[in-house]
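The following pair of complexes shares a single chain, chain A, combined with chain B in the former and chain C in the latter.
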Partner chain A sequence: MSPLLDVRDLRVEFATRHGTVTALDGVSLRLEPGETLGVVGESGCGKSITALAIMGLIPMPPGRIAGGSIRLDGEELIGAPERRLRQLRGRDIGMIFQEPMTSLNPVFRVGDQIAEAILLHQDVSRDEARTRALELLRTVGVPDPGQRIDAYPHELSGGLRQRVMIAIAISCQPRLLIADEPTTALDVTVQAQIFDLIRDIQDRLGVAVILITHDMGAIAEMADRVAVMYAGRVVEEGPADAILDSPAHPYTRGLIGCIPAIDPALAALDRLPPLAEIPGVVPPLHLLGQGCAFADRCIEAVDICRKVAPPLTGRGHAVACHLHAAAAASEES
Partner chain B sequence: MPAPAGDSASAPPLLEVRNLSVSFPMSRGLFGPKRVLQAVRGISFTVGRGRTLGLVGESGSGKTTAAMAAIRLVTPSDGQVLLEGRDLMALDERAMRAERRHLAVIFQDPYSSLNPRNRVGAIVREPLDLMGIGSPGERESRVRELFRLVGLRPDQMALFPHQFSGGQRQRIAIARALATNPALIVCDEPVSALDVAIQAQILNLLRRLQDDLGLSYLFISHDLGVVQHVCHEVAVMYLGQVVEQADRRRLFTAPAHPYTRALLESAPALDRRKSAGYRRKAAVEGDPPSPLAIPAGCAFAGRCPQAQARCRTEEPEQTVRDGHLVRCHFPLG
Partner chain C sequence: MNTAAYIARRLFYGLVLMFFVVVLNFVLIRLAPGDPAEVIAGEMGGITQEMLADIRATYGLDKPIATQLAIYLGQIARGDLGMSFFFDQPVAKLIGTRIGATILLVLAAQLVSILIGVVMGVFAARKPNGVVSALVAVFSTLGYALPVFWTGIMLIIVFASWLPIFPVEGMRSARFEGGSFAYVLDVLHHLVLPAVTLAIIFLAQYARLARASMIEVLGADYIRTARAKGVPERRVVFHHALRNAVLPILTVAGLQFGNLISGALLVETVFNWPGMGTLAFDSILRRDYPTVMGILIIGAAMVVVANILTDLGYRLADPRIRTEGGRR
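This part shows the complex of A and B:
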């Protein structure tokens, strides 16, 4: 099967006051139809820039696609005319962002915004678009859709606004849905409702999903495969179970280790042990040096780590770490 | 002058809140009827020395308002607050100012809670300046000490907030909160804006400071994993009331209120896998009712999977057994 989405060696640069920085440094991702790819990593690691690049929304300038390829069903998107990209966005690629308030227009009724999205890509009458909008609101589980269709965004709760965003995103039955931290601003109860809805839509429409999140719990329940990003690179990639059960990159291990997991066994203790920590912070892009970008925070770093950036190696479960590569090589011999 | 931990049985708890209520008058246009928003409805709790009480609940449930009223930063409409037995509500402005040094707050957003135009050394020193504590020289050395205490370098005192990462800014906010050597710190979602890796660093720091300084925390969070890791007791809020309160072990291993159970079921967890067929069903539907129109009966009835006819007409009283408080007609287990 050929992949629905095939991103290869993507490089994105930004002109900043510190000079040109590389926000994405050779990112490769593949996504099969109907599959969910989870993308995790701390803030600033390039998750959103990856999403924006796929949608052709990198602000240029200051941004620049410095190399690589993005193919949707075989069609190259890098360098495609803006007209074509606009056509693909909203029709073939749906998007959901973290804060629905900023992506919904505050001065229009939500029903009109959904209808507008339909009219943009489909040849239907206004009345038909409104009827569809109503159906969509029902599909995404908005209670009283007949009333809510005429509401303004600020009259809805965060969870309902996110449902409206999802209604817009799926209004034209996209093949790919990109959800960038769709539940970060929401309560867990509402988060559960939104994930339930995304799974439901996926079952019904067979849409592939890129779920960007920093929540490993969300990854566990939503993702088939996972890409872990650090400082503009994919540092580990593989099936969700492999990543969660046997993380190979020290960064992935750290990310999983520092989660304060709900655990009745722990809750019963008089005193809980401290959480595992990853020391330090993600380095700013303009200070990235030659070697492994994680070296300053890595407790396992060795000499070569500071000199040579480790390539992503391995099929199925790929890892970008010198130590892992050495261990894998000695296992093979 | 925080009293040492391990006070005698007869000493009053550090903070005792009795029947606290907060309402906000809402004007509805010029001629509309006067309405009242009941943000906090008769809650009681105590915080012991060296202990952490967690306040959890959905957005809008009244956590922040309750905590701020408990330290008189918001004016309660009813109820009593005792700090080491002293009735805070009975104090005049001057006497209250004198109590301020025992109380401090850390907010969620380390970006907006620090004045961007001040050097961080001055920001940390400000509470000492405002309360006229110590000579200028003593204040300066106190700030140095505080920087070290929270894991910052004293040579960073001359920098501005924007020169720090989110986690470092939260360390600055913690240093500032510690300046007057308070006994109680209200932590309002102190790690919600941080990545998990940084969150773990800050949570470990807060716990270490508690151990070393005998601090008490009133800790607001909507992340139950975080609450489990830092709180000794937990109060669950729903629409302005405490619906369940217990020590950590009981709350996590034997939740009795349907809402608490829904929160625990909604929480993401690493072992709930898509590959194993896990599908998080939304444990509760919809949103909580508006605090402007509190329903008759149990406030949770509209979303409660256990609700029966009685729940919609008769408000449940709170019952307390072995220190485990529940407000439900049909508690679980």
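This part shows the complex of A and C:
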């Protein structure tokens, strides 16, 4: 089966006051139809930039796609004309954002905001679009959709607004749904509902999902595959089970260590003491040196880690870490 | 709160405000130097003490100020603005013949300055560091800094004298013949220069405000959402962004009405526009108390009404205010 989305060696640069910084440094991701890829990492690791790059929404300037390729069903998106990208956005790729409170336009009724997406991509009348919007509101579990369709965003709660956002994102039955931290701004109880909804929609529409999050618990529940990102690179990538059960990169181990152990599914892992933390913060991108970007925070780092950036190696479960490569090599010999 | 109750409440506050406007202005004008009886007597030629006393008695100027105020307030409550000392006509009639011209000028200037200001601001916001943005900044600061009468005279020199495109002064051609449509065109033709002159001062503020507001809105999350839906850029700017960016402009537009009306006074004088400004100018020089008072009252009423209309417009434009019951 050919991949639905094939991102290869994507490089994105931003012009800043500190000169050009590389926000994405050779990111590669693959997504099969109907699959869920979890993208995890701390704030600033390039998760959202990756999503925006796939949507063709990197602000340029200051941004620039310096290299690589993004293929959707074999069609190259980098350098594709804006007209074509506009067709794909909202029709083939739907996106849900982090902030439901501010992601809907405050001066338009939510029904109209859903209908707009339908009218842009489908040859239907206004009435038909409205009927579709009403169905979508029902699909995403908005109670009393007949009333809510004429509500303004400020009249809805955060959870309902996020449901409206999801309705917009799936309005044209996309093949790919990108959810960029869809629950970060919501109450915990609502978070679970939104994840359930996304999974339900995925089952129903067979849409592939990229779930961007720093919530390893959500990854454990939702993702088929996981890509762990750090400072603009993918440092570990593979099946979700493999990564959660036997994380190979010290950063991934750190992330999993940060999950509160009360979650029984993960308490069973019991590899690190509950609520560990990763010392330090993601380095500012303009200060990145030659070596592994994580070296300064890594308790296991050795000399080579500070000198040479490790490549992502391994089939199926790939890791970018010198230590892991050395361990794997010694196992084989 | 529903709109009818809201309007009723605003009208009530407006009336209270008008009461204070009347009292304050009445007292201020009486405190100002100059005696209308002497001016009137001067116009009549010869003068004796008896004649002066007679004039004062005729116009009630011999009574104490408090009594005069009480009489005046009673008149106003009945909708009577009194008789002009100088023109010897009811003030209401004097103002009535001129108020239309002033409203026309003020609304035209407001419309021109908002439209052009918003367009300038939007284009500047598209590329905040671009050449257009810099030009808009220079032009709008210049427009704001230039005195109205100077701008007016320069426009007359260039567009009425050197290039005789527009008439020098007045509101209609002296010997006008033609149908009502041609009449409208004739008035509009006369309106261009005064309206532009008045608009230029306010243009600057609208352009800057529109630029800042537009830059902010274009960075909003919901704009990203619109783009992610596949909305064409033109529609993103003029539908999704502009609807939000005009809200602060509406607020300022409402607050500017008072300034516009006082600006109109100067412009009317430069262009000899037959509005309330020229009337105010004449009646102040002649100490024509009732006319000055009438103009002040009607001017204040225009500002109050304009503010209520602006707030109603704001309620229409921003759904968040409608449901919060008029609060911001």
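The rule is simple: the second predicted complex is superposed on the first by the 320 of 333 C-alpha atoms of A that agree within 3 Å, B and C clash if a C-alpha of one lies under 4 Å from a C-alpha of the other, contacts with A are read in each partner's own complex, and residues count from 1 in each chain.
The working rule: contacts are C-beta pairs under 8 Å (C-beta built on N, C-alpha and C of every residue); 3 or more make two chains touch, one makes a residue touch a chain.
Note that the structure is a prediction, hence the values are computed from the model and not measured.
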item: Partner chain(s) touched by A:Gln202 [first = chain B, second = chain C, both, neither]; value: neither
item: Chain B versus chain C as contact partner of A:Thr139, first or second or both or neither; value: neither
item: Partner chain in contact with A:Thr252 - chain B first, chain C second, else both or neither; value: neither
item: First (chain B), second (chain C), both or neither touched by A:Ser48; value: neither
item: Partner chain(s) touched by A:Glu99 [first = chain B, second = chain C, both, neither]; value: second
item: Partner chain(s) touched by A:Thr22 [first = chain B, second = chain C, both, neither]; value: neither
item: Contact breadth on chain A, by residue count: chain C or chain B; value: B
item: First, second, both or neither for A:Gln162, with chain B first and chain C second; value: neither
item: First (chain B), second (chain C), both or neither touched by A:Tyr152; value: second
item: Chain C-touching residues of chain A, taken from the complex the two chains share; value: 55, 57, 82, 86-91, 94-95, 97, 99, 102-109, 116-117, 120-121, 152, 154-155, 165, 168-169
item: Residues of chain A touching chain B in the complex; value: 36, 42-43, 143, 157-160, 187-193, 195-196, 199, 214-218, 220-224, 239-241, 244, 254-256, 258-264, 266-268, 272, 274-279, 281
item: Residues on chain C engaged by chain A in the complex (per definition of touch); value: 220-222, 224-233, 240, 243-244, 317-320, 323
item: Interface residues, chain B side, partner chain A - complex; value: 58-59, 165-168, 195-201, 203-204, 207-208, 222-226, 228-229, 248-249, 251-253, 262-275, 278-287
